[in-house]
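In the two assemblies presented below, subunit A is common to both, partnered first by subunit B and then by subunit C.
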Partner chain A sequence: MELDFSPVLTYLPTLISGVGVTFVIAVVVGLFSVVGGLLVAVISIYTNKVVSWPLRFFIWLFMTTPLLLQLYFLYFGLGEWILIPALVVGVLGLGFHYMAYNADIFIATIRSITNGQYEASRSLGFGHLRTLYYIIVPQAFIRSVPQIGNNLILMVKDTSVLSAIGVAELVYASQYAISVSFRPFEFFIVIAVIYYVINLFMEFGQSRLERLTAYRR
Partner chain B sequence: MDFNLMADITPLLIKAAWVTIDISARAIVIGFMVASTLVFLRSIKFKPLQWFVRGYVSLVRGTPYFVQLLLVFYGGPTIGLKMDPFTCGVMVGAFNIGAYMSEAIRGALESVDSGQNEASRSLGFGRLQTLGYIELPQAAGLMIRSVGVLAIVLVKNSSLVSIISVVELTYQAQRLIGSTYKPLEIFTLSALMYIVIVYAVMGIVELAYRRATRYTTQ
Partner chain C sequence: MSTQNMTETPMVEIKNVHKSFGDLKVLKGIDLTVDRGKIVSIIGSSGSGKSTLLRSVNHLEVIDEGTILLDGVQVNRPDMKGLAFERHINHIRQNMGMVFQHFNLFPHLSTLDNVTLAPRKLKGMDRKTARELGMEYLERVGLAAKAEVFPSHLSGGQKQRVAIARALAMQPKVMLFDEATSALDPELVEEVNLVMRSLAKEHMTMLIVTHEMAFARDVSDWAMFMDGGVVVEEGPPDKFFTNPDHERTRSFLKKHLDSNH
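The block that comes next holds the complex of A and B.
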């Protein structure tokens, strides 16, 4: 059972390119889920029931079913009509999943902004959309920073699940190296350490961001 | 929607859903024991032990559950840790959720005002009696809610066990999608089963919460 980390060194370029793909996925999904979540939240609060109920339903559906099931459905389900690469399916699936979680948070924080803010803004001559854009959404966004940060950290860890549908991120990229070298333990330890380091950076960034925005909450 | 097909595959999916329930229930029970042990170890005034617990919790929370599962299942045999897929799923799930639960339990216990502990001790209760009669009953409400949220997370995480070929709900759904090419029908059914399981857990948590807080005004 002696451990041998030399294959990990041999395949280090593979791992590094895997980290690169994970990073790109995380950034794209992060932007997509936060911006999308905000849009979904605003639309579902300020429109009529015909629009908001389906949105609420999808938020609820994405939050009560597992990510992997959603990914399988998107991957094999969409594959029936159009052929799209696994990477796109993975980014969309993960994006929609966390978009639902973020939208749920934004809905709560937008509701927590007192009505007086809206009324004061309207009486000062801002229109409905301008009030939302300049007054309501910025305040709600600052209030959601801690929870959105938590979601982003969870999301980066969940990028590993995308390897199940064959997205060439960190875990999937090392599959080949593992099957050739027969050293699963060493590789997965190194992968775990990489994720842990990424996580440490993200937690540090989150606490900095929370401190920077604390005075506005 | 092909309703004949849905009727045909429902028994298969129910059987698979039962495996999901089985694996989650075992992992939650063992995970709660792990969490209690961690909280106990951390309360002992012995620095290396506290470092160990903090390190363990930080490592488990800082790495993906998916990678932990692969590490133990495929890497475990290297260090003499051989398990069948089902046991592996239960154990990794339990030790994963245990780390999260230990934080939840500790947070709930710390939410009880320290004056309660001091008053109780000065009235002659021992440390264990204080914990059992004074602190736990007051922390129970918060503890049940936060452990309940984690139990739901665990149920959804149990879908990842399909990757080490445990035939649970997601695995069965994926296999049926592959053999029937009817993703929408199968997704609808399996999503419905997850929703039922999640709502059942929420119901149990709500009942436990009401029972635990029936004498406290909140």
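The block that comes next holds the complex of A and C.
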């Protein structure tokens, strides 16, 4: 089989716009899932069962079912009643999915902070909320960097699943180009390389952040 | 203590304090008065209730019965609930410095930030003033050179000295030491003791829970021996450490003075 990459060049603008969409999704979902995961973790640890049990159920639900199924539920299920753009459904679905995974990690790291930290802060005169804000959460966040980084890398790859509900991210864009050029392998190779490069940068950022925070642990 | 000065409010007053953990009675009616500028040492074996008593003063343990007063203000307020009590206790705690056995420095903050966080956030001190204040207290514990270093790069003795500076920076009325040197390697104990001695010279009111008998004898104005949740014996250190009345005190001191030399 001969490889011919010239169609890739022809459809480069399509791929670039796909990369753009993937990038935007990744950034929004990244922020949403990290900030949301932290909030879910803090609320589920420090409130009563009426609040924390539904949150735990939410985490459990999103961690035990496939992402694709969750997206179908949101897109086609909710589509019965309201029309939401695929991009919005995709961002919310992927966001909630990774919010659950991140919350699970934050819960573990918050619990790993010794009670002595809490007591030291309280003994200085800090209230409960300020102790969480200034002492507990920052330390838990630093301890979470390696695992949250891994989750974000997984998340970037999972943006491709959004092609199943018609979000025009990188894989969806290439499918269009393949359907008109009939050169699937060339496109698959190119987008594989693109994901690889994106994750190379993310791994670099992750290890840098780990090194920057190591002495603060 | 019994040296009464009727005109002055005692700095710390502990009256008939009871505390249980489940079925286990840890404090069975403790009374103690600490006058302004005095140093009281509380000694006793582990499980005697001495740490629980000290932690009760800071309300880290909630007592079941009795009253604790700081400078005439009641610390425990069973009549107060929720946010009102939270505000009350946060305010009270700003006047008490607490030093823990395991230092509990904040690992994500530099040495200086450990010292200045509370003055900045609780007293609204601006960064520059707080920095000057922080450096002043780090200077006092001999660690000004380590201001930008993080706790993970400090020795145990240095950590505890920073923890003392952190507590002092709130300019508390009383300092509570909960086995401040128990977790330290023997060669690091003296540097922390030195800082505590310098506080004693400046007439800081201190409540010290300790296993260091020689140190307690040196710095204290009053010593108290607890066992099984009650005060067995108390008195001025001269008598307390050389000629105690009770057999239990005597055997405890003998054991500890021997092992401590």
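The criterion applied here is as follows: the second predicted complex is superposed on the first by the 217 of 217 C-alpha atoms of A that agree within 3 Å, B and C clash if a C-alpha of one lies under 4 Å from a C-alpha of the other, contacts with A are read in each partner's own complex, and residues count from 1 in each chain.
In this section, a residue touches a chain if its C-beta (ideal position, glycine included) is under 8 Å from a C-beta of that chain, and two chains touch if they have at least 3 such contacts.
Values in this document were obtained by computation on a predicted structure and should not be read as measured data.
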item	value
Touched partner set for A:24, first subunit B, second subunit C, both or neither	neither
Subunit A residues touched by each partner, larger count belonging to subunit B or subunit C	B
Touching partner for A:125 - first (subunit B), second (subunit C), both, neither	second
First (subunit B), second (subunit C), both or neither touched by A:108	neither
Partner chain in contact with A:216 - subunit B first, subunit C second, else both or neither	second
Touched partner set for A:45, first subunit B, second subunit C, both or neither	neither
Partner chain in contact with A:65 - subunit B first, subunit C second, else both or neither	first
Which superposed partner A:164 touches (first subunit B, second subunit C, both, neither)	first
Complex contact set, residues of subunit B against subunit A	59, 61-68, 70-71, 74-76, 78-80, 156-160, 162-163, 169-170, 173-174, 177-178, 181, 183-184, 187, 190-191, 194-195, 198-199
Residue ranges of subunit A in contact with subunit B within the complex	1, 3, 61, 64-69, 72-73, 76-77, 80, 157-161, 163-164, 171, 178, 183-189, 191-192, 195-196, 199-200, 203
Subunit A-touching residues of subunit C, taken from the complex the two chains share	58, 60, 86-87, 90-91, 93-94, 96-98, 100, 102, 104-109, 117-118, 121-122, 150, 152-153, 163, 166-167, 170
Touching residues (chain side subunit A, partner subunit C) in the complex	114, 116-117, 119-128, 130, 134-135, 138-139, 142, 215-217
